[in-house]
Amino acid sequence: MTGQPRTAAADVVVLGGGMAGLVAAVRLAEAGLRVVTVAKGHGSLRLSPATIDILGYGPGRVDSPAQALPGFAEAHPGHPYAVVSPAAVAMSVQWLKEHVDTYSYVGDPSANMLLPTAIGVPRPSAVAPETMAGGDVRTAGPMAIAGLGVFKDFHPALAAENLQAATAAYGRPVQARPVLLDLPSAGQPDFGAVGLARRFEDAAFRSQVAAELRAAVHGEETIGMPAVLGMDQARSAWTELQQATGRPVFEIPTAVPPSVPGMRLASALHARLRRAGGRFVLGAEAVGPQLSNGTLTGVRISSAARVAPRMCRWVVLATGGLASGGIEVEVSGAASERALGLPVHGPGPGDAGFLPGYWDDHPMETAGLRVDSRLRPVGPGGEPVYPNVYAAGAVIGGARPWREKSGDGISLSTGYLAADAILEEAG
Amino acid sequence: MTAEQEFDFIRDSLDHCVKCTICETACPVAAVTPLFPGPKYVGPQAERFRGAGQSVDASLDYCSSCGICTLACPQGVHVAEINSRARAVMKQQHGMPLRDQLIARPPLQGKLGTPVAPVANFVLSNRLARLVAEKTLGIHRNAPVPKFAGRTFRSWARRQPAPASAGTRRVAYFHGCSTNYFEPGLGRKAVAVLAHNGCQVVLPRQGCCGLPLQSNGIFDAARGYVRRLVAGLAPYAKQGYTIVATSTSCGLMLKREAREILGVEDDDLRAVSSQTYDICEFLAGLAEAGELQTDFRPVPLTVTYHAPCQQQGHNIGKPALDLLALVPQLKVIELDRTCCGIAGTYGLKREKYDIAMQVGSGLFGDIRAARPDLAVCDSETCRWQITHGTGRTSVHPVEILHRAYGLG
Amino acid sequence: MEEGRHANIRLDAVAATAPIECEVLVIGGGSTGVGVARDAAMRGLSTVLVERGDLATGTTGRFHGLLHSGGRYAVKDPQAARECIAENIVLRRIAADCIEDTGGLFVTTPIDDPGYADRFVAGCTDTGVPVEEIGVAEALRREPRLNRRITRALVVPDATIDAWKTVWTCARSAAEYGARILPYHEVTAVTRAGDQVTGVVARNQGGETVEIRAQVTVNASGAWAGLLAAMAGCRVQISPGKGIMLATNHRLVQTVVNRCDMPADGDILVPVRTVSVIGTTDTLVSDPDDWAVTRAEIDQMLQAGENLVPGFAGSRVLRLWGGVRPLFQDHAPQESRDVTRAHAVLDHRARDGVAGLLTITGGKFCTFRLMAQDAVDAVCAVLGTTRPCRTADEPLPDSEDRHYYVLGSRLAGRERTLLDEQVICECELVRRGRLTDEMARRPAPSLDDLRRAVRLGMGPCQGGFCMYRAAGILHQTKHLSAAEADRALLAFLEERWKGYYPLLHGDQLRQAWLDDWIFQGVLDAGHLPLRAPARRPDTETAQST
């Protein structure tokens, strides 16, 4: 269907521009459907470390998501992974690897890497950008963790010390020591991750960093750096830094938003979407379904000055969960789904959504939509609310993504499968 | 709702800020200069320290008012609007240069320049005169300023016979100042394209929408301008005319900014807002309903398309792409850049010209690399900036449609 | 002063090898205790102050920040009103840098007794509280968000005062006059020689014991005064009166707004720094450490706010907390709000036959200086000396020029350093230098102490962005080991949770989730090594491959 005049309404309206929405939109557009993605703003993918975490803790640390998923799904019947098969997860990972062309993703669901965080915890991730994989403490040798004085969002000394302690506790101690680069040439004292990544696009700046690194790093060490090594040019910046220092370099995701790797991934998926002819409407919000005799025929979209319907045959609802506002909790404690008013499974008004201990399992954490086997949101009786609405990503309840390290896997696989279901119907 | 309560609605949107910094990653100005601390900083963050006294943060003047922060914010913070209001307070308290007063009034420039267009254009293109203007007024010597057409769009339109069109769609054309004084050809083409699609086009009396005043922080005068404009358009809106704009930023003023930034709130404005459409939005709506004339002739050109920030502020995506896709043999390259830097009058200013050119450098590079026959863009000041930055001719999407329809 | 302006406050972490000797020992590091220490030191008495936690973490650090004009008490408690206006004038003179001159409004809302306003004006006139009536339209012009159905509006010289800053500045001044200020020294025993109190034994942060010997011991432990007195075998009846407060994300009003009626729950809305605080309730509790907040109390505050500022219930609340007032009475407890706000100096020689121990209790923040004056007068009487009090005239450090604090000052300060210095807490614009200065003068700062000291993490994100930075800087500058930094971070997260979990919804829930995304999701702080918070995810490997 590509290349046909776009005189008619869209086939699919995708609500939400995060990981789940973009994956679904790219798949559908590449298959030739007319896709309009409507996003209230830029999605939270830009805050993500862009590792593809499938299952990190369940609750004990998971070594192989592929092996752990069936048991995990059985133990958590309301979890999205009870709907998404391990095979679908693997397919979606493969799809993503083929669709990010700015750099490679490495790893697969059969084993978790343990990649250092900015505070030095080895964090389980199944799939990660090639720029990060060298930090895998399952195999890594001694490390020099290098920070920059101009960058307040990465503290190499704390990361290195914690990493040594944590890897020792895990049974394979990794030597790690901090290096703090002065970089008087940076030009200003207070960089955010993005500002610094833009500086790394400049070859002269990179070579100064490399020179300082060479002087500070010992011969056998792998260099860990905050994930700010370039924006669009990350692969060449990273490669060049390795050549210039003569040492392997890996990136450590920074925790304080925004995330440079997340922006790289978002940018790569957006480029794919553009190339496939998908349309992207930014700053507009879905405020309800457009119904005709009970059938959903479009989505009511609020833009400047008015609310108007966008007609379509299918909807992918990927507006995010509690963090993004796809699921809203009122002062009364009631949770609702904001775009289409779909029924939310979770604590009701007056229920204790949150418990007194920070680390408790808060009932509200898992609030969200329930879906059928084709990812269609269901009502209390288990029947789809609309036959042509599919949910993807964190708007689906049942997971504790922060703790399980499961959010990316859920978003990727459900975005992939929602597109699958629509493509199947489109024939 | 009163204007004050409306003000609260904008200010209160700072409650939605979770500090995620997405606005700062999208801000084109903060990306090129440390002088601007970024939209999160000057918007929801600094706003908590304002309100009880003096305006103390001059850095917010480096905001170009492009509005990309509001657009990018996933939580619904009206970042740019908060900034604009804070800047108005700043200018009220600390005064503003004559330059800002002058460049913020296109009708004044138009009325002065049009009768003496050759002279005015000579002065504007004279290096010495521009140097003087830079020294005395602070308008950068190289900044892109348009040429006076000499004959206004309205004076052309007055001499046209009443359109014989039996069209059923009633359209009131909001051409704006730039079409009237600088690009009357665009107005002629827009009217022709609309008429070709069965529109009965009328030209209500109209002046400046006040946008340049607003973006320079001169709110009282801006409110006066927009109220006069709205008073002229409201009778049409109430009679069911669709108000169609070719100046995407002036259209946005009617749709949203008059209310959200200037705090104007009345029935007339509501009627006008809800009936106002950007011309590509309007035509794409016809297309979606299957009612657009599709008798396009091949246009064997390669064009780039840049959706300017003010166009994105309509939250309608890029309808121009859907329209241009209908034109046979037209190759359209969609550019992925947010801003050309000019932001209305921002890039004219001596102290901001370099920043504006740096903001636009990515876009200029992409256009030069694409080697297009034409650079398509919906906003007039952006077209002038693109031409200034790339040397390429830049046109409004409707000009391509006009050609494809074979209208002249 | 070579290490910066705070350098001469001695915040010793190490146990003294020999007992510390002094003339006056003050127990309690709230406003009263610090006020007593400063006053005593200024009169030339050798003075030591001990506080179980950080300064101003009890009742003082948990109040709404309103510097009363006295209007609130003008009808009900004229004596309290007279004290308030007198001290209001004094504090404006000596502590201007801690005060924002917001002014105050008493407004008759639809639920208020319409006749009260006239009694209020009469009461203010009688007690010397300046009052001026303005038109409703003018009141709404000044405060556009106010309930449009108010019928009267009266202007009084209320203001807001930063309790932490006031206490720390007093402590600094006391130290400059030679006092030793010892936070994190918890009294474990009051020592006696026969019927004479001779001092205390305290335990410091490191768990070591410090003995302090004093000629006079002043029990200034506020709501805890009964417990302290009991350690000396004396009896003081304190009725702890709990009040809860909520802070909104930004200022909804720029003036202190009071309901013009008899004092009631939730009838004041106070603009303090960047937030508005609504308060408060008043319930008798048995334990001064019990300030747990119930959902019903929260709803009550939201409703009360709605009456003053329509839409209040929908605004973003950052945090909630409770404070416990030290209401002193020698009779059986009644309704808490009916207990007098007056203060009392008790000499336990007369009451209990125990010499060398005074208790200063009751009162309120606004009269802390006067309370201290009365207490030190009594100390002087015990010591058989007469030395004049000078605290009403000598300004606190940084207040010498009598310029009030203004809301925009941090923003203005940040503007000046935009290109020179990092900002660590973005919400409250805390610059790196301000943070490291504060760290340098503390032996082992907790992140929560830094929060109070410089407002680190007090804004919308509640430390989500700055606490990782602060922990990293504390570790890098060797103030904390890695294990301590990790524990500090986890303790901060757990403490913060208590401050907002009962009303997480809307924007603040999204904020909390983003913060947890940072700490749990990206940093994986739940699996930091070697640390054992109360409960956290299991770190055992579930399966082996």
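Every chain is named by a letter (A, B and C) in the order it is written, and numbering of its residues begins at 1.
Here, contacts are C-beta pairs under 8 Å (C-beta built on N, C-alpha and C of every residue); 3 or more make two chains touch, one makes a residue touch a chain.
Keep in mind the model is a prediction, meaning the values are calculated, not measured.
Q: Between A-B and A-C, which chain pair is linked by more C-beta pairs in contact?
A: More contacting C-beta pairs are found at A-C.
Q: Per-chain C-alpha centres versus the global one: which chain is nearest?
A: Chain nearest the centroid of all protein C-alpha atoms: A.
Q: Starting from the mean Cα coordinates of chain B and chain C, work out the distance between those two points in Å.
A: Taking the average C-alpha coordinate of chain B and of chain C, the gap between them is 51 Å.
Q: When the C-alpha atoms of chain A and chain B are each averaged to a single point, how far apart are the two points in Å?
A: It comes to 35 Å between the two C-alpha centres.
Q: Quick check: how many Å separate the C-alpha centres of chain A and chain C?
A: 42
Q: Can you list the chain A residues in contact with two or more other chains?
A: Expected reply: 47, 188, 257, 324-325.
Q: At least two other chains touched by the same residue of chain C: list those residues.
A: 419, 465, 510, 514
Q: Multi-chain contacts only, two chains or more: what residues does chain B have there?
A: Within chain B, residues 19-20, 34, 75 contact more than one other chain.
Q: Note which residues of chain C are touching chain A in the complex, please.
A: 302, 313-314, 419-424, 432, 465, 468-469, 471-473, 475-476, 482-483, 485-486, 489, 493-494, 496-498, 501-506, 509-510, 513-514, 516-530, 533-545
Q: Under the touch definition given earlier, write down the residues of chain A that touch chain B in their complex.
A: Going through chain A, the ones touching chain B are 5-9, 36, 39-44, 46-47, 187-188, 192, 194-195, 198, 257-258, 263, 270-271, 274, 279-285, 302-306, 311, 324-325.
Q: For chain B, which residues count as touching chain C in their complex?
A: So the residues of chain B touching chain C come out as 4-5, 7-8, 11-12, 14-20, 34-35, 37, 40-41, 44-59, 75.
Q: Which residues of chain A touch chain C in the complex?
A: It is residues 47, 49, 56-64, 67-68, 111, 117-121, 123, 152-155, 157-158, 161-162, 165-166, 168-169, 180, 188-190, 253, 255-257, 259, 322-325, 328-333, 353-360, 364, 401-403, 405, 407 of chain A that touch chain C.
Q: In the complex, go through chain C and note every residue touching chain B.
A: Answer in residue numbers: 100, 102, 144-145, 249-251, 254, 271, 274, 315-316, 406-412, 414-415, 418-419, 426-427, 429, 459-461, 464-465, 507, 510-511, 514.
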